[in-house]
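Heads up: the structure comes next, in structure tokens.
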Amino acid sequence: MEWDEKTVRTLNEECGVFGVWNHPQANRVAFFGLHALQHRGQAGAGITCGDKNGLRNFRGIGLLSQVFDNPIDLESLEGDRSIGHVRYATNGSHDNLNNFQPFLFHFYDQDIALAHNGNITNAKSLRKELEVAGAVFNSSSDSEVLVHLIRHSKEKSFYEKLEDSLRKIQGGFNYVVLTKEALIGAVDPNSFRPLVIGKMKNGAYILTSETCALHVVGAEFVQNIHAGHYAIINDDGIDIRPYTNETMVAIEAMEYIYFARPDSDIASINVHSARKAMGRQLAIEKPSPASVDMVIGVPNSSLSAATGYAEQSGIPYEMGLVKNQYVARTFIEPTQELREQGVRKKLSAVVGVVEGKSIVLVDDSIVRGTTMKRLILLLREAGAREVHVRISSPPFRFPNYYGIDMSTSSELLAANFTIKEMCTYLGSDSLEFLSVDGTIKSIGVNFDAPHKGLCISAFTGEYPAPLGDYKTGLELQLTDIQKRILRGENVDE
Amino acid sequence: MEWDEKTVRTLNEECGVFGVWNHPQANRVAFFGLHALQHRGQAGAGITCGDKNGLRNFRGIGLLSQVFDNPIDLESLEGDRSIGHVRYATNGSHDNLNNFQPFLFHFYDQDIALAHNGNITNAKSLRKELEVAGAVFNSSSDSEVLVHLIRHSKEKSFYEKLEDSLRKIQGGFNYVVLTKEALIGAVDPNSFRPLVIGKMKNGAYILTSETCALHVVGAEFVQNIHAGHYAIINDDGIDIRPYTNETMVAIEAMEYIYFARPDSDIASINVHSARKAMGRQLAIEKPSPASVDMVIGVPNSSLSAATGYAEQSGIPYEMGLVKNQYVARTFIEPTQELREQGVRKKLSAVVGVVEGKSIVLVDDSIVRGTTMKRLILLLREAGAREVHVRISSPPFRFPNYYGIDMSTSSELLAANFTIKEMCTYLGSDSLEFLSVDGTIKSIGVNFDAPHKGLCISAFTGEYPAPLGDYKTGLELQLTDIQKRILRGENVDE
Amino acid sequence: MEWDEKTVRTLNEECGVFGVWNHPQANRVAFFGLHALQHRGQAGAGITCGDKNGLRNFRGIGLLSQVFDNPIDLESLEGDRSIGHVRYATNGSHDNLNNFQPFLFHFYDQDIALAHNGNITNAKSLRKELEVAGAVFNSSSDSEVLVHLIRHSKEKSFYEKLEDSLRKIQGGFNYVVLTKEALIGAVDPNSFRPLVIGKMKNGAYILTSETCALHVVGAEFVQNIHAGHYAIINDDGIDIRPYTNETMVAIEAMEYIYFARPDSDIASINVHSARKAMGRQLAIEKPSPASVDMVIGVPNSSLSAATGYAEQSGIPYEMGLVKNQYVARTFIEPTQELREQGVRKKLSAVVGVVEGKSIVLVDDSIVRGTTMKRLILLLREAGAREVHVRISSPPFRFPNYYGIDMSTSSELLAANFTIKEMCTYLGSDSLEFLSVDGTIKSIGVNFDAPHKGLCISAFTGEYPAPLGDYKTGLELQLTDIQKRILRGENVDE
Amino acid sequence: MEWDEKTVRTLNEECGVFGVWNHPQANRVAFFGLHALQHRGQAGAGITCGDKNGLRNFRGIGLLSQVFDNPIDLESLEGDRSIGHVRYATNGSHDNLNNFQPFLFHFYDQDIALAHNGNITNAKSLRKELEVAGAVFNSSSDSEVLVHLIRHSKEKSFYEKLEDSLRKIQGGFNYVVLTKEALIGAVDPNSFRPLVIGKMKNGAYILTSETCALHVVGAEFVQNIHAGHYAIINDDGIDIRPYTNETMVAIEAMEYIYFARPDSDIASINVHSARKAMGRQLAIEKPSPASVDMVIGVPNSSLSAATGYAEQSGIPYEMGLVKNQYVARTFIEPTQELREQGVRKKLSAVVGVVEGKSIVLVDDSIVRGTTMKRLILLLREAGAREVHVRISSPPFRFPNYYGIDMSTSSELLAANFTIKEMCTYLGSDSLEFLSVDGTIKSIGVNFDAPHKGLCISAFTGEYPAPLGDYKTGLELQLTDIQKRILRGENVDE
């Protein structure tokens, strides 16, 4: 069995967005709001701020605190309205700063700033169309397409142009837009990921990717922006309008499983509670052998599921893996010997806990499987007798095209192998996943839409929104496992 | 009841030390070893490396990954022997780089590098004596005193001079010393904190403050260096010698309670297991009211104790507080309004979990109480009905003089108030602490020494080592609570 | 007499451009070529490099050596063709990096990079027209207008589009453009400033603002690109084409007087020699009193003229002023007292030379006069008996709109005062300027064009190219002196 | 004839020192004073500042403006007394910051800061003696020896200890010392280089290596500190005392020839004037052939001598070489081809001036000859017909041990070859040097001491101060040329 272990990829969310309207220190509110969204992107950050006279922008590489390491840069962003962005990936060159968001454009008749979370599946086609019509793109980012659509639109008013433009865009997107007149938040026709409105005690309005940022700035939840809608926030209050009627709720299951912070609510469901419920359901569906001594979770994202599993099964929950909280980016490579001996900058096994024990190891997901394989080896080196792996989500078998950085089938272990083969590859004593139905049930969403309003494309290959420019690519690359699943076969039996 | 809330202090460990002998890439081994000790100090770091021909040094401000952000700086530290240090505090000026360790001194007849973890109680007196004899100190650090003592010693050989010098030093210290001839590790007469020897498969030797660093570099535990001993490691192997017979084991209880990483073993006892046992014992000694719905731990250090408490009591363990993993240093201050509304960059309450619930909140310790007070308020704002606080250690009533940054009585809540008063101040529905005996029993050390070899001075004011220059200060500043405890009274009844 | 002394402005050139075609290390050739042009702009720099497969860009703030302080950034610019730019001014925010050149645009059908030296007088109008047609500008720089014109052009081929676009642009411009197919250099219809082609021994072609950069990279001068022409350089060699017939040579006199490096040739006339001739002519036109002991030049740009003056007049040339070669940007302000006492970070008077002496002080030009006023005071404080000022160019009485940062009449001393008034303001014992005719004669250009092909608009207000968007502004702001000059009066008699 | 051309060395001065007493903004006065001394050292800089309560220090790598690029660092140095230092060389590692000066030491009974300019010839011996007595050196710098001598001295008062210590030090040194009580300046028994006292209008006192720094801060010259003396400056005024009677004035000729700024006076003789006089004398001693068209100086240090030569000979002075004023440190290496073609980042020949001409090229000195060889080649490539080299100082035939970085005979061209051989090596049409007597006469010093008080050891090998630890080394390494000179032979005939 061959599997390229070189590329250690982890799931990455495509960014977080935040906006504030009518706060005398909009820059600071944006800073602390984005800080709470930092888990959605660590590669870059930016804040646009201004007032009715104009907007200013500051962007940079790295964590928010690195971008604004000189307080003067934040102070200089004066004004009462602001949007901000944290970005998940970079290509390393500081000159590509113009790929960082928010984008800010000054026209003779208006200023437009925008920040985007998601992935536009027909961006390449739209860009080519626009370029043929004379458009000059500044960045290599898909997100920029919106501003060109708006400026090329034949509609009359700005909001008609905006609606016209949003209707042309396919895929997953939350757009936060700032002009001198209003703060705008727009959600794609499937509402793949949350965009919520909050309100501070002083009357300022907040837009945020996750509710955790509301708590941090002391704002109260007002409402979600629903699929196919956009909100105009200005001194007259909130005005929410549909730009399309062709909507179908399909909230990204990944947000519950892995991405969102446990203290956020998505569609009014708490993320930690959903994860714990998935852990409980997993214990019911896939119990562990009687020989097992303890439940261990992979820190930090799997701890909710692991305690759920432990409580449901009655097996003690132990800290068998420790995460080094000081995992910084470093260019220092370990020696070959250190690598072979299992140098662990990020995770360590607790010998005193696992030695001689049989373990249920709960993780929230498997992407490439590389990390899990190493963890199992690490636990065995620390003396674990048995390692039974339980995953609190179904196998990830299809790539995501709506904004999660998991777009190649060749990177997905479960797109290439059956569970049985994966178990052999990982070296675990057993390997089990939560069922798709158990996932939907545990999360507890209940929309009048397929799968109760959950996007489960990663498990089944059913894509709720058009794949646009990716469609042909996907079809050409289908793995045998994927083909069999699309034919309705149960590949794991 | 008045209490200065301005200074938010947390417990800080005085540094971590690491050494390696006879590895072709000693610099990298030191880097990854120190990385595992980063929790012991984040203010600065340094590595000395070399071979029989000489030693070179590189030090800097911040986390290890920041100090060595340019890989060339690490590469330039060639050689097969190395020591390193992570430092807990700084005064902010880059010019005080010479307070960072390791210190490296070049003499006409030898090179000496040293790194120190601990606090020397008679440093001021020794320094004055040495200065009167002509010594010129380079740093304001107490640690430097050792090299002056060695160079002023009238003994003949280097090791006799070293022993002579170590005998003059009082307090708590682990010294790691590197010369062109040997790697040396020395432990104070009470072995307040661990210094252990490990061995890599290729034969290289390791010295480290905690065993977690052994796992990271793939080394196996060989032995602890005991109280009043020092180890000479060179190509002949390990030679451990006593430099004094006046020893008394008194392992710092704080290491088990708070400081050490849970995957480390101290005196062959796993730290996570000790903490979980303290949580269990706390549940036995101080059970919670029947009304309670859930156990919540303060992330991350209290999670072991909280799960112990939950398992012993049978109350479900929930994630009611979430720690933002991206807590970076920032100079951006929240607005007054954000501050008042409880902006939480570091910790957030999970509304969906705690709303309407009665909670047992388990923390490992209370120092000033400021953080705990805010957490309780945070939980109440998130809708918690009751908050019962259980602390898995006894009240910290006396300052520490042996290397923990907790040296002023005025900073210790429990040095100034009874438990009942503290409960009022914190705003908790109840407040209980683990007993001293329960602490000793749960940790499980068993030396033939007072308190089975544990230093419990923070709880009782019994100091196992001379207080030296601090003695008078302490006596002048004794609080009423402290005086009553020293008179043998039970202040909490 | 009032004169705002706060703003100390000096003449600044609008940038330097450089290009190389067909050199295996085009990035390094561009680096060293730009280094020789650094005097044309110190605020920012950038290099685009690539091959037939695509182009990459790197830009940054500060001197070239600061932008490329990490050699990796230059190394990463692989390829055999390159263009580069040094920029004269910045607004200080690192986020405005997208105002730095070269600009690089990736289209579905081509890559275009461009760098610009000059000023487009109808840029604002063109930009508005383009924005109305849907264009989204990335920068606030006028230079970007070219790429939008090209992409919006209705012509067929790229070169037809380019010609079409160049014909729409008014003002002064040298454009260096790089595509995957060719290196292109275009010169405005007046050839206000030089753009020359050179050739290296290995066959590589060079484009550069000044010939001094040819010497530095070991290239030989091939030819100038003439007014209204553009050169296409590719593997077939050089192809120079006119894009307009409406041309009139008007080489910027400022290039000879002040901007260009003395070792450059412009229109085959050496700059140092032209300056020395101006100094000689000045000595003939405006001799100094018999009482004078020595000639002193203002370092460094006036030394050529000063030695010419000295040799012609027979008066000894002395070093009465010294320039500190370490004049770096600093944010440290002198104390009020130091300021008043004449703190001179940049220039110092040599007491031992000037004390008790009568001096002719030769400078190449007067803009605001602020520096000259301070120099005279400095010389008097150092003991100079008399200071007779001789300027080796005519008074600057009109702003420049073609690329020199001298665009406001209110900044020009001679636009507001007569020579006699200026002499009083400066505090000199006498003040004389070179005549316009003497300037033309000394430089020695000899084109079949007004003023023998020299642009003398700064002295006379005759603007050879349309003023476009600036026209109304200028007319509204004419000073009395300017009005009188435009009426043909001699204001200085 | 073999000559290692790899190492391009230039003469470097060993640092500049500055001090100020009793100024409310001593930090800024020190900053601007040191700025005027920047030519004496560009590798590092530092300032100590304080008041009667204590002293603080800030040091860093690079130019003064780089060290203090954040104004806060200078602002933090509060107080009314200050010393500062600019340093000539570094080994590149930021960790060796403790080799940068001023050194600041805090003792239980006093603070001592010191900065040093010069070289101590018996430093190694003194350091060993001190280390044997227990001293621990912080730096690898010789300068540190003074503080150890003071603290080990058996004398009673601080000033007696200081005098005692100064008497033990051999070689060349200017020490500037700051305590909480006084500002002190000490000069070696030969006064190899200047240390002068100035006074500001507000009564503040200044100590400086060169008088040019007095002008910059608006101070007036008060007096020189003479050989074997030290000055105590405090609120009582200036108190100058001798610490030895064994003195002999021997002012370093290099200061006049090359190092000092032309606007400084040394021993009341202006440096520019001395250089111009050397140029005139050179024209008398070593006239040029009748065929010569022009005199060219090597910018910038040789321009004074070159104009002197031109005026005396009546040959026109031209700008045949141009110095790029933006010569920054860069790690970008030219390609081999660019190197071979004579890439000149620093100096360029002006083709339009030198083509077809016969030239006298005047330089102030020849050390290795590498630069001169390249300049001659550069001029020939630019079309020069003949290049006659005239050096306005005698051949440098012996190394310097008193503070000039020219300490190895193998680096001195004239220590290895006769003038005739050098001419062949350099490729010049003729080569002539100023005589030793002509040098002494032109400079015009007139002390009652050998060579009228000038140190001419570089030309004759007569060393006025003990060579200490260098003595044996020198004797072992004498070249044939040096041996012949010491035997009294005329090697050039």
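As written, the chains take the letters A, B, C and D, and residue 1 is the first residue of each chain.
Here is the rule we go by: a residue touches a chain if its C-beta (ideal position, glycine included) is under 8 Å from a C-beta of that chain, and two chains touch if they have at least 3 such contacts.
Composition by chain, UniProt nomenclature: A, B, C, D = Amidophosphoribosyltransferase.
Predicted, not measured: the structure shown is a model, and the values here were computed from it.
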Task: From subunit C, the most remote chain by mean C-alpha position - done: B
Open item on the list: From the mean C-alpha coordinate of subunit B to that of subunit D, what's the distance rounded to whole Å?
Closed with: 51
Task: Inter-chain centre distance, subunit A versus subunit D - centres from mean C-alpha coordinates, in Å - done: 62
Open item on the list: Taking the mean of the C-alpha atoms as each chain's centre, how many Å separate subunit C from subunit D?
Closed with: 37
Task: Residues of subunit A whose C-beta touches two or more other chains - done: none
TODO: Give the pairs of chains that touch; include all such pairs.
DONE: A-B, A-C, B-D, C-D
Open item on the list: Under the definition above, what is the set of subunit A residues touching subunit C in their complex?
Closed with: 46, 57-60, 76, 93-95, 97-98, 105-109, 127-128, 131, 133-138, 140, 147-148, 151-152
Open item on the list: Taking the touch rule as given, give the residues of subunit B at its contact with subunit A in the complex, in rising order.
Closed with: 25, 28-29, 31-32, 35-36, 38-39, 42, 63-66, 68-69, 71, 74, 200-202, 212, 215-218, 261-263, 265, 269-273, 276, 300, 303-304, 307, 311, 316-319, 322, 324-326, 328-335, 337-338, 340-345, 348-353, 382
